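Reviewing the structure listed below.
Chain nomenclature is as follows: A, B, C and D, assigned in order of appearance, with residue numbering initiated at 1 for each chain independently.
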Amino acid sequence: MKNWQKYLGLIISLLAVTLLAVWPLITSKPVDREVAFTILKGIALASSLNIILGYTGYVSFGHIVYFGLGGYIGFYLISQQGWSIYPSMLAGGLIAGLFAFLLGKAILRLRGAYFALATIGVNMAVLSFISNFDLLGGPIGMTLNFNIYKEYGGAAQALQLIFYLMVAITLITIIVSYLVRTSKFGLGLLAIREDEDAAEVMGVVAPNLKTWAYVLSAIFPGVIGVLFFFKNGSIEPHPAFPLHTSIELIVMVMLGGQGTVFGPILGAAAYQRMRGLLLTTPIFKNIQLSVAGVLLLIIVLFIPAGVVGWIRNRFPITRRVLQ
Amino acid sequence: MKRTLFTILTLLLAASFLLGACQTGTEPEVAEEAKPDEVTLVIGFTSSITGKYETSSGRQVRGFNLWMDQVNDAGGITLSDGTVVKLEVATYDDESNTDRIQELYTRLATEDNADLLISPYSSGLTAAASIIAEQNGKVMITTGAAADSNYQQGYTLVFQIYTPASRYLTGAVDLLASVGPEVTKVAFVYEDTKFSTGVVEAAKAYAEGMGYEVVLYEGYAADTSDFGPFINKIVDSGAEAILGGGHFQDGSTFARQLHEKGVDTNLFALLVAPPEPDFADLGEAALGVIGPSQWEPLAAYTPESAEVAGVEWFGPSSDDFVTAYTGAYDGEEPSYHSAGGYAAGVVLQNAVLTADSTDPVAIKAALDAMDLMIFFGNIKFDTSEENHGLQIGHSMIYIQWQEGEDGLSKQVVWPKAGATSDAIYPIP
Amino acid sequence: MDFLLASLSDGLLIGFIYGIAAMGLSLIFGVMDVINLAHGPVIALGMFSLYLLYSVLGLHPYFGLVIVAVVGLLLGMIMYAIVVRRVIDAPHLSSLLATFAVNMVIIGLGTAVFSTAPYNVDFSLGRFSVGPVTLIATRVIGALVAILVTIGLYIFLYKSRPGRYIRAVANNKTAAELVGVPSNFILALSFGIGTMLAALAGALIATFFPFTILAGGTYELKSFVIVVLGGLGNPVGALVGGLILGLIEGIIPTFMETTWVPVVEFVMFVMILLVRPTGLFGAKQ
Amino acid sequence: MTILLQVEGLTKKFGGLTALSDVTFDLPEGQIMGLIGPNGAGKTTLFNVVNGVYPATKGKVIFKGKDVTNVKTYEMAQLGLARTHQIVKPLNELSVLDNVIVGACFGRQGFGLGKATPIAEEVLEFVDLADRSDQLASSLNIAQKKRLEMARALAAQPHLILMDEVLAGLNQSEITEMVETVRKIRDQGITIIMIEHVMEAVMKVSDHMIVLNFGAQIAEGTPEVIQSNPAVIEAYLGDPKLAQKLMQKAME
C-alpha cells in the first residue's frame, strides 16, 4: 500500500477543515469568518467529545463544563493578571485537563446512565459554585477592557488572529482524534466501549485508558473556551456552562457518526448549518427546537450509527477513506 | 423503512448546505439604488423575539419602529443641502442569548452595511454587541442597557440613553430619608445579574453613607420563583425598608409572595417591575410598591422645563408619543422600555441633524457634544476616557402604585419637583 | 429560632411536591431502566394544563388536578408507544437522547404556543399562622395532596393486580413475561404513571409559584438529585429524598447565602453517586 | 514439574451464600485440567476469583510463584492468564481481526499494533476464522464466536488459559474439531483449565480433574479416578448406575 493511502482518512478530514478555514479568506467577508468560526468551534468541541463518547462509549452529558472552566481560567489570567492569550490558552487547557484527570479517576467508575447523570451533576455543581465565587466575578462574571486588543494590533487584527488560532486548534484536535483512533490506545478504548469487562479480561487497563481519554477530550474544550471568551469580551456563569450546548454536541457527534474521525466534522458542520437555516426560515423559526428534536429522534431510532457510520457499514469499501 | 428515512435525512442535509450557500438571498432587504439627493441610513439591531427578555425587548423595538415610521412617513430627515435621509432597518432575533449575538452584530455591521447600530435589550447582550460595534467602527446607541461597567471598557462609539444602574435606586434612599426619618434598618435583596448588582452596590454605599444600617444584603438567582427563604430572612433581619429586585418576572413574584406572607414593611422599592403597566395585575400586592422609572407618561419634560434648565429642546412631547404609540399598537400603553426605544431614535435624529451628514465621524462628534432635552428627559454623555458614553444628563423618577378612583394607578412620587402625588408611607 | 422554624416548614412543604415529581422519575427508571430526560417538560405541561383549566376554562384548581392526572397518564402512555418502546433495550445513550428529543419537541411546541413568558395561576386561599410560623394555604394543601398521591401510589403498587404486575416487571421482566404478565402494557402503564406524577407535581407547583415553559428544567434537576438520594428505582425512597432536599433548602439559608443551595445539592448529588450509587435507602441493582 | 498455579483454601461468599468453600489444588505447567460439577457448583465463580473479577473472601491464589490474590483482571492478563467466557463477549462493533488484535496488544506480550496484526492473523488461521477477519464480530454465529473467544485468548500468548464451556452449543463434529484445537494449544506449552459439561470430551482431553459441588471440592484426580468415584457420580448425576455407564462410555 502506498504510504499516503494509509492516511487518506486523515487527509480528507483535514482537507474539509482547511476548506472551511479558507472560505472566509477568499470571500474576505467578516461575516463568513464568524460563521466559519462557529462551525469550527462546533467541529473541535464535537471531535473532542467524540474521544470519550464515541471511542470510549462513556456518555458525557455535561462535557461543556470543560469549555466553561478553561474559559474562566483563561479569562481570569488575561483580564485580572494581564497574561497574553497564548499562555492563557495553554493554562486553560491544562487546568481543564487536570480537573478532568482528578474527576475522571472518581466518576469514570460509574457506568452507563449513572455516569451520564454524574456529568450533569458536575456541570451544575461547577456552574453554581462559580456563580458564588467572587474571585471569578461571581454571578456577574468578568469583562475585558477593549484596550486589551491593542496589544494584538487592534480589534480587527485580534479577530483575525483569533480565527487563525481557532483553525489551528481544530486541525490539532482532528489530528489527535485520528491518532487516538488508529493507535493501540484507541483500540483499547474501542474495546472498553464494546465490553469493558471483556476488555479488562484481555488485559486492557480500563481505569487508566478511560481517564486519559477523558483528559484528552477535556483539554481542547478548555483551550477553545479561553479563545471564545477572549473574543466575546466578557464571561458569565450561564453562558459559560450551558447544558443545552453539551447536548447539542452529542447530537453533532451522533448525526455524523460516533466513533469515527470524520463523523463529528460532518455532524458539527451540518448541525450548525441546519440550525442557522431553521432560525432564518420563518416557518421553522418558532418551532426550530421541535424540528431539531424530531430529527434527533429519527437519528436515534433509525440510524444510530450516524451518517458516516451508516455509509461505512453499507459500503465497506469506504472504510479506508472515511475513518 | 430505514433506507427511506436515511434518504430523507441526506436530502435534508444536502438542502441545508445548498440553502446555506445561497443564504444571502434570504437576508433583510437593504437599500435600493437611491436618488442623488436621497441617501439611506441603515440602522441595525437585534431584538429578543424569543427568550426571557421577550416582553421588555418587544416594547423597546415597538418604540423604535414607531419613531422610524414617523420619520419615513414625514419624508425622512432633511439636511441643510437638501439631501433627504431615509431610514432602513436590518434586524435579527437574538433569542435573549449571548451565543449568537456577536455573529449577528458582525452580520449587521459588515453584511447588511448598517450605518448605525442600536443595542439589544439588557446589559449582558449589549456588552457582547458593543465589542463588535467598536471592532467595526460603528456608532451604537444603547437603550435598555443600564449597567455602568459596559461604559468603562475603553469604548469610544457606544452611547447610553438610560440613566446608568449606579443611579437607579439612590433616589429611593433619598425618598426614604424624606418620608421615614425614623427608619434605620434596610434590606437589599436583588437579582444577581450585572445590572441589578451594579444598582444595589451603588445604592448600598449611598445608604450606608447616609447612616443606614444594611441588615441584609443578598442576591438571588435570575430564575428564582420561590422567594420564601429571602422573605424569612427579611423578617428575621428586622429590616424596616426593602430595596432591590431585578427584572419584571422575579420582581413581581417577589412582591406577590411578600404580600402573601403578610410581611410588614414601611417601604418597598423594586427595580424594573413596578413601572411596567402589567404590574397592576398583582392587585393588592402591588399597592405601595415603589419603582424607579426611566420615563413615565406623566413626567414633566417640556420645552418650558428645557428653557428653565437652559438646554435645547428637541422632538415630540410625551403626550404626542403616548398618543402615537397607543394608536400604533392597538391601545398598548407604552412603558419606559418603549420610550427608551423611541428616545434612541430621537437622539439619533438629532445627531444626524446636528452633524448635518450621515458620516459616522460627524455623528459621533455630534453625540459627544450633545446636551439636549427630549420627552424622555435630559440627554448628555460622559466624554472622559474612562467612562465614555455613560449617560450623565438623564435621571430617574420614582413611581408608586396607589389606590386611585378607578383601581390601582401609578403616581410619580419622587423627585418632589415632578411628583403627581405624595408617597404613601408606611405601606398599609 | 422562629426563622429556623419558618424556613424548615417552607422547605418541608415543598419537599413533598419535589418528592412526587421524583417518584415519577424513579418509578420509570426502576421499571424500565430509562432515565426520562423529558421529565422537566412534562412538569411544565402539568403547570400549563392547570393554567388552561383554571384561567381559561374556569375550573377549580383542585378539580383541575384530576384532569391533569388523566392527561399526564395518557401523554405518558403515548410517549411510551411512540418513542420509549423502541429504545428500552438499546444502550443508555439511545434512551437518554430519545427522551431528550421528546424534551426538545415539547419545549419547541410549548414555546411556539406560550412563548417563554411567565404565567401565573392567580389563585389564593390566604395564609394562617401556627405559632410563630406563617403558612400559605395553597402550599399546605399542595403538600397534603402530595401525601395522598403517595398513599394512593403505594396502595396501587402493593394491593392492585396491575400494581403487582408493575413490581414484577421491575423485578425481572423475562420472568414476569413467562408467568403471563402483559409486559408491554405494564411498561406503558408505568411510564404513564411516571409522567402523571410529574404532571401532578407541576400542577401543584403552579398553584403557588409562577412558571414558564422552561420552568420544568429546574424541577427535573432537583428530581435527579432526589432519586439519587433515595436510590434510583426506589419510589418510596424518592419521597424521603424529596423531604431531605426540602429540609436542606430550608436549613441552608439560615446560615449562608441562599445561592449556595444548588452548590450543596449538586456536590451532594455527585458524592452520593460516587460513594453510594444505590442511594441512601438502597435501590434496584 | 513446575507448578504454574496454586490455589489454597479459596473461599468466596456472596452475602450469606457460600459460592466457593476452601478450594485447594496445584496445577503443573503444560497440563489440561478439567473442572466439572453440576450447574451452580461454583465453577465459573472459581474462574472469576482466580482471574480477579471477584475478590476472594479467604484463601490464596499463587500464579508463577507470585501471590496474585485479588489482583485486577487486567494485571492477571498481563501476567499471562487468558480466559474465554461461557456467555461469549465479542467486541461486537469491531472486526474479527481487531478483536484478536486487542488480545495480542494488551495481553501478556503487550505487542504494538504493528506486531500484533500478523500474530492475530496467524491465530485466526489456527482457529479457522481467517476468512472472516474483516467481518464485524457481531455477524458471527455462536460456534464462530466461541472460536473467536479462543483466538483472543491465544493471541495474548498466555501461560494459562481458563476455558469456560468452549464446547457448549456445538454439534458433534464441531466438538471433535474443538477438542483437537485444545490439544494443539496444550502442545504449544500452554496450560489449560477447562470447565466442561460435555463429559466424554473433557474426560478424553484432561490430564487431571477437579469436581465441585455446592462450592466444595468433592474429588480430584485423573479422569479414571474421577469416573469411578461414587461421590462424584452421585453428586453429578443422581443415578449412580446410569452415570457409571455414561462415564465408562466416555472413557472408551
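As a convention for this text, a residue touches a chain if its C-beta (ideal position, glycine included) is under 8 Å from a C-beta of that chain, and two chains touch if they have at least 3 such contacts.
Worth saying up front: this structure is predicted, and the values here are computed from it rather than measured.
Note on connectivity: the fewest steps through touching chains from chain C to chain D is 2. Two chain pairs are in question, A-B and A-D; the one with more C-beta pairs in contact is A-B.
When chain centres are taken as C-alpha averages, the shortest distance to the whole-protein C-alpha average belongs to A. Distance from the centre of chain D peaks at B, each centre being the average of the chain's Cα atoms. Separating the centre of chain A from that of chain B, both taken as means of CA atoms, is a distance of 36 Å. Each chain gets a centre from the mean of its Cα atoms; for chain A and chain D, those two points are 44 Å apart. Centre to centre, using the average C-alpha position, chain A and chain C are separated by 33 Å.
In whole angstrom, the spacing between the mean C-alpha positions of chain B and chain D is 76. Annotation for chain B: residues 50, 192, 219, 221 touch two or more other chains.
Under the contact definition stated at the top, the residues of chain A that touch 2 or more other chains are 131, 139, 286. Within chain D, no positions touching two or more other chains are listed. Pairwise chain contacts present here: A-B, A-C, A-D, B-C [touch as defined]. On chain D, the positions that touch chain A within their shared complex are 51, 53, 72-74, 77-78, 82-83, 85, 89-94, 98, 101-103, 105-108, 110, 112-113, 116, 134, 152, 156. Interface residues of chain A facing chain B in the complex, by the touch rule stated above, are 29-31, 34-35, 38, 131, 138-141, 143-147, 149, 155-156, 159, 231-234, 236, 238-239, 242, 245, 270, 273-274, 276-277, 279-281, 285-286, 295, 298-299, 302-303, 307, 310. For chain B in complex with chain C, the touching residues are 50-52, 54-55, 96, 192, 218-221, 223, 225-226, 228-230, 232-233, 235-236, 249, 252-253, 256, 260-262, 281.
Chain contact summary for the complex, chain C toward chain B: residues 2-3, 6-7, 10, 14, 111, 115-118, 120, 122, 124, 127, 134, 136, 209-212, 215, 218, 249-250, 253, 257-259, 262. Residues 53, 57, 59, 61, 106-107, 109-110, 112-114, 116-118, 120-122, 124-125, 128-129, 131-132, 139, 247, 250-251, 254, 286-294, 296-297, 300-301, 304 of chain A touch chain C in their complex.
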